[in-house]
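As structure tokens, here come the structures.
What follows is chain A paired twice: with chain B in the first complex and chain C in the second.
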Partner chain A sequence: MVTEQTMVGMADIQVIDSKGQLVCLGLGSCIGVCIVDPQANVAGMAHIMLPATFPNSVNDKPGKFADSALPTLISLLEKKGAQKSRMKVAYAGGAQVFKFGENSSKLDVGLRNSQAVAEWLQSSGLKVISSDVGGTVGRTVTYSMDSGDFKVRTVQKGESTLCNLKGS
Partner chain B sequence: MAMTIEDILQKTTDLPTIPAAALRVIQEADLSSCTASTVASTISTDQSLTAKVLRLSNSAYYGLSREIVDLQEAVVVLGMRCVRNLAMVAATYPWMSKALTGYSLEPRAMWTHSFGTAVGAQLIAQRARIKNDDTAFTAGLLHDLGKVALSVWLEKRFNVIVSVAERESLPFNLAEKRVLGFDHTEVGYHLAKSWNIPDTLALAIRYHHAPSESPVKNTFVDCVHVGDYLTMTMGFGLGGDGLHYEFDEDSLDRLGLSFTDLDAIMDAFVHSYHAYDSLFQELSVA
Partner chain C sequence: MPSTPRNFGEVQLSAIYEMANIGLGNAMTALSEVTGQPFNMTIPRVEFLPSDQVPLLLGGDEVPTVAVYMPIAGQVEGHIAFLFPWESAKRLWNMLLGQAPESVADIGELEASAMLEIGNMLNSSFLNALADMTQMQMHATPPLVAAEMSYAILSTLATEAALSQSTALAIETRLECSTDEIQGVFVCLPTIESIEKMLSALGLAEAA
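For the complex of A and B:
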């Protein structure tokens, strides 16, 4: 049986409410955030590129920035019957280029993205089940509506299930 | 016995090649005698390349209201630099779109990364107000040439290189050098020199992971270094080496750019890259 896949492109947000999978391909410093309400049987994913909306500019694509993608994703899920109190979250990505030592740099967009996502989620009070961020590897993330599995695939380690977002 | 770069270049059976006409376009790019007309007539000597450039010129990307039927018309409508870039794209796509198993790059991943770096390097050159931004495009397109030649030799050594990189905390290119005695930038440089392409481009290939080590000042080295960084960071065509490379912030200083420019460049980069979707469709049927 062929599973229907909904690709979540860069700066994109997708919500599904039936069977199928959500997929973020080739995440470097970007973050793939998946939010699920198992009871309402809806799930959504955002492919976030940058931490914050540019000041004094029009945000034509809310999925691009952490501070606009996450509230937009939640709002889209709520329109499909989801409730914030039941939502579960997993996210992955935020890789960075290699560097010697531990000195962080303002150039580390991967680190800034993961921090922005973590801070926003913490302030929202949503339940974060698991995350896999940082390192120097590219990732592909998949969420399956059928199983509830949130999977992360890397070239070197293959695919593994990071967590399940359907269980209680 | 240890392998040398010469061995690699002699023994690799499917080394990348570029049509002679496309090579002449690169070689003549910096000559004062180079004009729109000479670019068109050089490309016209190769029928297959001409057909591909015309097909790309007529892609939806350029949104022209009428069909371009010859190269002279293409250079008038699209401009010499644009047609030159299209010739490079048409000339490199056949071997760049193949899988490079030695680097765990799936089909088209090498192309995605190289084209992304070309677009990124050109955007950076424009932002830094560098003339000849199409040279930055070509340099970006060719920067990982060495990986194409090295891939087959890496198939059994890749895991060793990754282990060395992790154990000794080295960026991937230095781990490559530790294990093989050279890295993909050196192989690419030698291959480029064997094609007689201008030093400007050959040096950008050679020093794209170590721009401050370039023996001569070459702004295109910095454009490619930053373009490569952007492309890796955005996850375009990542292989097993991932983002395991260093970023030299001095490149930004030499380009007169600050880190605050980079988010905006990244945004513009993604816009530019995705705009090329219709061009890619033409390439896949070419």
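For the complex of A and C:
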């Protein structure tokens, strides 16, 4: 049986219920955040590019920035019957893939994204189950509704399960 | 036709195409000299894309790709990068070093610095041609190299471009070496302001 995959492109937010998979392909400095309410059987994923909305500009793409993507994702889940108190979170990405070269440490969007996501989640009080951020590797993340597994795939190490968001 | 922000007209678009053509021609000459192999290039697409669509250029794939990236500073600002699919990158390393890493994990100092050199050379010859044409000052900053999933590389570039809050110009270039089948893609992400400045310098600023 072919599992239906919902691709979450850059600056995108997707929510699914009942069956299927959510996928963020090739995360570099971006972060894929997955939030699940196992009881309501809904899951959502955001593909965040930047830490915060630019001052003095219209934010026409809430999925692009951590400070707008996370509240938007949560309200989309709530519309499908999810409750904050039951939500579980996993996220991955925020790498610096340009690891060779003397100025490589200056590219720090990945790091700033990770910090922004971590801080926002902490102040929201949501339950973060696991995260896999930083380093120099690109990651593809997948969440399966059926199993509840949140998986991370890399070029060098292949795929492994980071955590399960369904169990108690 | 793709939509063009701020309505760049046909004349402006073909000027941008010409600038890219000359800049990349220069870069190919440099590459041929250093490898001793003839390189050709074609420019299938010059497109204005919202930066979050840049990854689509390579089909949004997970194939390992080697990228040499350089931020541009000066009167013209932006980002340029050459991307080589893994097999092409290996052939390039073979030409330069007589050996190539087996996998992404095997890239050592030697391979990394060879690729940084290639990037330096390609990007500076591209920029020199542009600077000569427009008489504007632009300089490359030290190159960076990544060997990763193509989407992870392109999305990182798109994010860097998005940081400057501009819609990007993506110039897709295919370069080929007749003897060894090396393919590459060039992506150029200048800020819209920079493009306007360059067009003004060429006397092609848009009528108000």
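Operating definition for what follows: the second predicted complex is superposed on the first by the 157 of 168 C-alpha atoms of A that agree within 3 Å, B and C clash if a C-alpha of one lies under 4 Å from a C-alpha of the other, contacts with A are read in each partner's own complex, and residues count from 1 in each chain.
Keep in mind that, in the parts below, a contact is a pair of C-beta atoms (placed from the backbone, for glycine too) under 8 Å apart; a residue touches a chain by one contact, two chains touch by 3 or more.
Predicted model, so just to flag it, every value in this text is computed and none were measured.
After overlaying the two complexes on the shared chain, residue contacts for A:V97 are found with chain B and with chain C alike. Judged by the touch definition given at the top, the superposed model places A:G26 against both chain B and chain C.
Of the two partner chains, neither chain B nor chain C is touched by A:V58. Look at A:V155: by the touch rule set out above, it reaches both chain B and chain C. By the touch criterion defined above, A:L107 lies against chain B and chain C together after alignment on the C-alpha atoms of chain A. Residues 10-11, 26-30, 49-50, 54, 64, 95, 97-100, 107, 109-110, 136-138, 155-156 of chain A are contacted both by chain B in one complex and by chain C in the other. The residues of chain A lying in touch with chain C in their complex are 9-11, 25-30, 49-50, 54, 57, 61, 64, 95, 97-104, 107, 109-110, 136-140, 153, 155-156. Residue ranges of chain C in contact with chain A, taken from their complex: 52-53, 55, 60-62, 64, 67, 69, 103-105, 107, 112-113, 115-116, 141-146, 148-156, 158-160, 162-163, 165.
Residues of chain B that touch chain A in their complex: 104, 162, 169, 171-172, 229, 232-240, 242-247, 249, 259, 262-264, 266-267, 270, 274. Every residue of chain A that touches chain B in the complex is listed here, in rising order: 10-11, 26-30, 49-50, 54, 64, 95-100, 105-107, 109-110, 135-138, 154-156.
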